[in-house]
Each structure stands twice: as C-alpha cells, then as structure tokens.
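Below is one structure, written out as structure tokens, with a few remarks after it.
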Amino acid sequence: MKFSMKPSLNWLLIFVPVSIVLRMWPQLGSAAALFICACLAVIPLAGWLGRATEELAQHMGQGIGGLLNATFGNAAELIIGLMALSKGLTGVVKASITGSIIGNLLLVMGASIVAGGIKHRSQSFNKTAALASATSLTLAVVALVIPTVFHWSAAKSGEWNPVLEQKLSLAIAIVLFTTYAFVLTFELFTHKQLYTGEGENRTKEEKKNHHAGRWSIQKSIIILVGATAFVALMSEFLVGAVEAARATLGFTEVFVGVVVVAIIGNAAEHSTAVLMAMKNKIGLSLSIAAGSSLQIALFVAPVLVFVSYAFGQPMNLEFTLPEVVAVFFAVQLIFQISSDGETNWLEGVQLLALYVILGILFFYLPEVHHAR
Amino acid sequence: MKFSMKPSLNWLLIFVPVSIVLRMWPQLGSAAALFICACLAVIPLAGWLGRATEELAQHMGQGIGGLLNATFGNAAELIIGLMALSKGLTGVVKASITGSIIGNLLLVMGASIVAGGIKHRSQSFNKTAALASATSLTLAVVALVIPTVFHWSAAKSGEWNPVLEQKLSLAIAIVLFTTYAFVLTFELFTHKQLYTGEGENRTKEEKKNHHAGRWSIQKSIIILVGATAFVALMSEFLVGAVEAARATLGFTEVFVGVVVVAIIGNAAEHSTAVLMAMKNKIGLSLSIAAGSSLQIALFVAPVLVFVSYAFGQPMNLEFTLPEVVAVFFAVQLIFQISSDGETNWLEGVQLLALYVILGILFFYLPEVHHAR
Amino acid sequence: MKFSMKPSLNWLLIFVPVSIVLRMWPQLGSAAALFICACLAVIPLAGWLGRATEELAQHMGQGIGGLLNATFGNAAELIIGLMALSKGLTGVVKASITGSIIGNLLLVMGASIVAGGIKHRSQSFNKTAALASATSLTLAVVALVIPTVFHWSAAKSGEWNPVLEQKLSLAIAIVLFTTYAFVLTFELFTHKQLYTGEGENRTKEEKKNHHAGRWSIQKSIIILVGATAFVALMSEFLVGAVEAARATLGFTEVFVGVVVVAIIGNAAEHSTAVLMAMKNKIGLSLSIAAGSSLQIALFVAPVLVFVSYAFGQPMNLEFTLPEVVAVFFAVQLIFQISSDGETNWLEGVQLLALYVILGILFFYLPEVHHAR
C-alpha cells in the first residue's frame, strides 16, 4: 500500500513515448510489441502514482492521509480494470484481480521473506496485525467462492439465472466494501497503535529517504494527475492490444490477467517490500503486500462491480474454479506462515513454490469462458 | 450451552396461547401467522428449558450436571428436528443443523465479540480450550463433507446407491457420537481445570444472578417437563405451518432452516453470550457459542440420524454444497480468530460479515432438493 | 523417517519364506493368502531397511547421513510403488501415496498423541519445526489439488487432453522435488539447530538402544542390500496378487492402497513413534510422522512420476476427489493441532476419528477409475 519509488525503475519511462509511437503508427510494430511496451511503461508510472499518493497523504495528516493511501494505493490496477471493463473484457478484469491478490501474497511476500531470510536467521513481526489481515483475506476468499457455489447449486436445480447471480454479486460487493470501511477504521483509528510501531520505523526510513526530495502539495497533485493520465493511456493501449498479443504470444486471457497484469501493477510494491525485508523490517514488507491484496479484494473488486453497472455491462463476482482455488490456498499459506509471528527463508521459498505451481496451472489452462 | 434466562424475553410467552388459538381456529389467521407466532413462542420456551436444565444440573454435582447440560442444552433444536423428521422434512432438519452451527459460530460469537470489543480494546481467553473446540468442529465439517464427496464420486462411477450412502452416514454418525463422548470426558473429567477457571468466574456470576431465585429439584423438573411439552407443541405447529409459510413469505426451505429456525433456537444463548462479553468474560461467551455448535454437530445431528431409523424415514448426512461451504468457512474463521487467544471488535465484524454473506447466499439460492 | 527396529516385529519374518513357498506352489494357497503373507512379510523388512539406512547414516556424519535417511527412509513405499507402476497399476500407486500421507499424519500421529497423552497431561514440542512441516504439507496438498482442478476446468472448456495434463503433472513434480531439496537444506544445514534439540535427546536414546548392537559399515550395507532385495521380492508378490486378493476379500483398489499398503509400509515408524511419545518425546514422534509424510509427498511421489516415463507408462498427479479431500483435511487437522505447540490425548482421539471417518469413506467407495 505504501512504498517509495526506486530510481532503477525510472528508465522504463522510455516505454511511454515508445508505446505512443507504436500506437500512432501501427505499421512500426505488431500489437504484441505495443502490448509489451505498454506493460513496461505502466511499471514506473504505477510507482510514481503510488509515490505521489503517499506524498500527498503526508500533507493530509495521519487519518485522511491513511484513507488516501488506502483508496488510491492501487490506482493503477483500478484504472487497468476500468479500461478492461469498458471493453467488456470481464474475464481479464477478474483474472487481474486474482493475479494481484496471489501476486502480492505469494510473489511479493515470498521474495521479501527470502531476501530477508538470507541475511537474518529469523525475523519477527506483529502477529495481531498479520492475523487481522489474514482473516479479512479469508473473507475475500469466501466472497469469491460464494458466487461460484451459487452458480453450481442453482444450475443443478435448474433455476440459475444471470439476474439472480448479479444481485447476489452486488450484495456481496456491498458487504465487502462495508467490511473495508471497518478494516480502515480499525487500522487508522481504533487500533492504529498496532500499526504505529511499524509506522515509526517506517517514518524514520521515509524521512531518511525523502529528506532531500520532500514534495510540496502542488507537486504531489500535479504528479498524481499526470501519472494517472499516463497510466490510463497506457492501460488503454495495453487492454486494446491484449487480444492480438494473446494470439501472438500464445498466452490465454487468464494467464495474461493472472501473471502479466499482476506483476506489472505491483512492481513498485514489490521492490519496496523486498528492500524493507533486507533491512530487517519484515513486518513492513508483509503489511505492504497484505495491505495491497486486501485493497484489491475489498475495495478495487467491489468498486469495479459498482462501476460495471454505469458501463451498462454488469460484472458479477463469479470466478473460475482455478482462480478460487488459487486465492484460497494463497490465503491459507499466508495464514499458516503468519500464525507464529516469525519468518525464515524456507517460508519464503514455500510461498514462491506455490506461486510457481499456480503459474504452471494458469499457463497450461485452456481458455475458460467466464460467466459475465 | 449454559445460560441464564433474560426476563426481557419472557413477554414473548404471550405467543404460546396466541399460537394455540391460531391453530385451533385457523380462520383467525393464515398459516404464515401461525408460523411466525410459533417461532416467537419458542424463543422464551427454549430459554426456560435451558434454565431448568441448568438448575437441575446444579443439584446433580459437576460430573452428572455437566453431562445433563451437554445433552439437554440444545433440547429445543432436538425437538424441532424430531418434529420435522417425523413429517419427512429432512431438508429442513439438515438446514437447521447447518443454521444452528453457523448461527452460533458467526452470529452469536460475532455479536459477542463486537459487544465486548466496543467496551474493551482487546479481550483474551483460554487458547487450549478454544483450539480443542475448533478442532472438534473441523471434524464435524469433515463429517458433512464426506457424504457429499461420496455421493459425487459414486455417482461418477455410476455405482451410487442410497443404501450404501445410508450405511456411510450411519457409520459416520457413530464416529461423531463417540467423539462427543471423548470430548465430554476431556471437558468434564480429565482436563476440567481448563474450563474451571472460567467456571469459577461463571459460578460467581451465577450466584449473584441466582441468589434469590435458586430453584428446588421439584421446581426444576416441573419446569423442564412443562417447557419441553410446550416446545414440542410449538415445534409441531411451526413445522406443520412451514410449507404454507414458505409459500406466503417467499422463503426457501433452506433459508427457513438456516436462518429462521437457527435464530429462534439460539436466542437465549445469544443474549447470555453477548451479556458475558460486555462483562469482559469473552472466554465464557466463546465457550457458550462453540459448545452449542459442537453439541449440534456431534450430538444432535447423530441422534437425529439414529432416530430417523425408528421413524422409518432414514436420514443421511449428505448436505448441499452451499451448506458444506458455509460450515467449512465458519469453522475456518473461528479457528483463525481463536489462534491468538485474543479478540478485538474487528474480528467480531468479520464474523458478522461472513454471516451476512452466507445469509445472502441462502436467501437467493433456489430450492435445492436434498438427497434424503 | 528415523526409527529403531522393535524385536517384536521380527517374528513376522517367518512370512518371507511362507510367501515364497506360496508363490512357487500356488496350489498350496489362494492369491489372497499370498497377498496377506507378502503384506505381513513387508512389515519387518521395512523395519530392517530403515534400521540399516539409519546405521549407515550414522557412519556418514550428520549432513550426508541426514540426506541418506531423507531419501531412503521410505524405501519400502518407493519399491512397492515402482513394482505397481511397472504393472500399470497407477491407481494403486496413487492410493498408496494418499494412504501413506494420511496414515502417517492421522494414524501414527494420533496413536502417538493418545499413547503419550494417557501418561502425560500435556506434552509440548517445537512449534517452528512443526509449522515448517505443516506448511510444506499444505504445498503437497495444493500439488494434488491442482491437476484435479485442471482436469475439471479443461474438461469443462472441452479442451482437456492427456498430454497437457501430463506436462502439468511433470512440471508440478519438478517444483515439489525442488522444494524438497530446500526443505532438506533447511533441516540439515541452515536451521539444523531447530532439530538438534530433539536430535540430542534422540541420540542419547539411540546410544542406550544401540550400545551393544552398533553395526559396522559392512553389516549396514549388507543388511541394506538384503532387505531391499527381499522388500522388492515381497512387493512383486504383493502387487502381483493384489487383483486376485481384491476380488476375494471384497476390497476396492483404492481401499487396498489407502489402508492396507499404507499400514504395512509404515508399521515400523508407527511403533517407534508411539514408543517415543510414551517416553514424553512427543516432538520426536511428530517429526517421525510428519517427516515420513513429507518424504512421500515431496520425494517419493515426484520420483514415481519421473520413473513412470522410463517405464513408458507416464503417471500424472491427478488424484480422485476423495483422495484430495482426505489429504486436505488431514493436513488441516495437523496444522490446527500443531499451532499451539502442545498436545493432549483429545487431539490424538480427534486425529484417529478423522482416520476412521476416511477409512469408512474409502471402504464404501465404489471403484473409481483414475485418469492415468
């Protein structure tokens, strides 16, 4: 949710103009090339978007600032989702929700724990905060499972109809959204002390990082608006080229969503989380990764459902069985690893192993048609 | 399992004569009205039944008394189940088993944790006792899952037959019943110290409550018999009117069982558990709710299977997929929340959110035909 | 994984010559008799095989010795698996993998915890080591679930084909095998201190046991080779007679694999684990049982997949739904019981109750055809 921008990703900004050129003169490169360039361009833009949100948040004081971070922290994923939704690609939207959740929980957390575990024999973190996240994530898993269960059961009784399923999904989205409001109240108000301990380490870290380059409100807003505009543009390219790219690269829609989009959207969180783990701030790494997953599941997903109505293409929350199973086991593993308040490198390897197994599944999986 | 009767529920006793009048002169009100009145009448009666059991238990000494509480604590649910069974409504019976389990785990526990969490920043309880309950509940989940898995697998191989499924369910019911005997041995004999700490708080509480109104053995037995008779009568009305009420109110059989019957049967436990949580006795709240679920799963359900043979309408333990999923995730969330030995208000909200999501599922779910 | 041979099992060696006689003169007894005799003969042989491996390991120093134990500790199961594979009985192979995992986790652990719990009110063990095992086992569960999920999803989209499934299984087997290498690195090198505490108790125990009978390298190797040869011979008999035995005894292929083969292959671990628990070394009991399960899941299963290619009868990792569910809940229960670092007799009873429920399921389950 919170992260600072690594300079090393900035050179990828070159792909912003490259993508624009490729889009304006399609004869210069294939749709697949445009897709790849737009993907690469999103990485640093998502980082700038996150940084600007965070800088602005610091001007706003803890409460409002936390709220800002909590709602705009995954703005890139939200924008990509909206673009895909506007073209009716609900399968890609759902797959990228799945991918963001498992990418954060398994890839980002796994890499962080391994990176931290190589230097430190064992690292400890606040168990109560970790369990609160794991439990909220379990709730998100249920929210993904229920519409699928509903579909099967209703289909079996011969009375399934899409309107009923739509209503069910909308009702569940409202519950998730409301739960997120409670989670934020817990994190930002009633139990903020649980998060402050880390926050303080955090702030010092930040201060050191940002001492020279603290942004003004104006600068933050300008960069926020600019980065948002460019992310939206790149997302439009990316989503527009996804069909052609899939055909060329031989990836399925689900694989693109689950693996490609998820890695792109979370690259900035990823680098920050790994860096923090290496500095023995594993609690911060875990809260970045878990917080990001939680935001996708309890905020971005419901918002996309709500907005899909405005687009006249209602999206339900019925995910495919592989998606549901993937998220279920990712959350299960996170819960198991969180339950003792300590990490070691093997736990990171186990998370990465699960990510690889799931990646293999989605790679080999033939195209499955989502119920819209 | 244990609770004291709140006076505030007693005025609902007015619905006992109202129900009798409606039953004798049906022209005075619809079947739906009878159903609702009988439902409301069961609430205080279940409370009196519980109170009488408990009073009698106190005369019997800890061992026998505990046993009495453990077997008659959910007498109301058992009686409603027997009535429904006698009319062949196995779907309602199973749904009310599901509903009692998730109602206790999510609604009662959730409300208790929220009520306690508003007043107290964090509340702690005995982890070993909580884990023992959670593990027994997991066993109950398996017992519900296995017959469903059996059905699917056997159907796939083309060799499913109801007799085989009946045998399987009977064998599992025997294992559950035996496990319950071991659980009681653990709670009442070999490890009663784990529960005594709470018991002592409890007893003091009780003493204060009951000082004036301690019942004699005669009074306890008379009220026990009387309340049982009236619960049986109201259950007969309730079950008799359920078909007509469903049609009028637009609820499915499963929704009635899962939500309506479950709330009615557990209202008294509910009020006691919430009250205890507000007095910072969260351990007692959790043991009331978990104990009640456990009793339904490991005692009431097997007994209903056994008795169904006497009625010549054997009931199996095959539950529908939504029921199995609901109980599975309810137990999973309880386990997660129990694993750190502390509660805070957010955990209560998470349990309630799951209850709402499951309620939505069962509300929208079209009628599914249980395999008898 | 590690155990010492109990003399009491040695008299079963009489079944080695009996089996040979029955095989050479089939008119002397039925195939079912041969099957039973071969089963009984494997029990002490597996024990000698384990003992010889361990003696040799002690000559090799901790690192190499640990590796030897970790790879040959379940040699008997591996040999039986190879024999069954060579005859194309992939269903039996898979069922015996399932059975070994749940047998170790539920039967061996359950019996050990009960045996220890009768003498000791509560026994404690190293939580970090137990959680590392539980998490690795969860990974193994995922590895079993994924090919089944793949099959269903691919079949639903009408694009399932066995070659794709084979590739998926092979890729997953490689991930599991690699994970096992990391688990061994953790246990034997980077975090061996976690296991040393127990190891020291262990070593003293060993010393006492072995003081008189410490074997030389030559003796260890001779017995290792001899026991391997006889296990292979008995396995050949056992597997050759399995079809006929099934028909006579009325067991299904799955029941034979899950219950019979699993009990036979793990009898020696079983007796050692129970003995250790009674001596209040519950940590050692749990690590024997969990280690053996882990070895089956992350080492034996992948090796069997790899070898199946050499035999020209590629085996995939698609297990039946009942097998997947059985392993899932066994691991879930183990995780729950491990999470507090303590055991009591009720937890053992709960594990045994799950074993009995699963045994009932597999007993009643009609023959299901595994996808090869």
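So that you can tell them apart, the chains are marked A, B and C in the order they are listed, and the count of residues begins at 1 in each.
The definition used in the following text is that a residue touches a chain if its C-beta (ideal position, glycine included) is under 8 Å from a C-beta of that chain, and two chains touch if they have at least 3 such contacts.
Predicted model only: the values in this text are computed from it and were never measured.
Student: So chain A and chain C are the same sequence; what rotation in degrees superposes their CA atoms, nearest 5?
Tutor: My answer is 120 degrees for the C-alpha fit.
Student: Is the contact between copies chain B and chain C built from the same residues on both sides or from different ones, judged by whether over half of the numbers are shared?
Tutor: Interface between chain B and chain C is built from largely different residues.
Student: Measure off the straight-line distance from the CA centroid of chain B to the CA centroid of chain C, and report it in whole Å.
Tutor: Taking the average C-alpha coordinate of chain B and of chain C, the gap between them is 40 Å.
Student: Specify, in ascending order, the residues of chain C that touch 2 or more different other chains.
Tutor: Chain C, residues with two or more chain partners: 339.
Student: Would you mind writing out the residues of chain C in touch with chain B in their complex?
Tutor: 121-122, 320-322, 325, 329, 332-333, 336-337, 339-340, 342, 344-347, 349-350, 353-354, 356-358, 360-361, 364-369
Student: Looking at the complex, which residues from chain A come into contact with chain B?
Tutor: Of all residues in chain A, those touching chain B are 127-128, 131-132, 134-136, 138-139, 141-143, 145-146, 149-150, 152-154, 156-157, 159-160, 164, 167-168, 171-172, 175, 178-179, 182-183, 186, 190-191, 335, 339.
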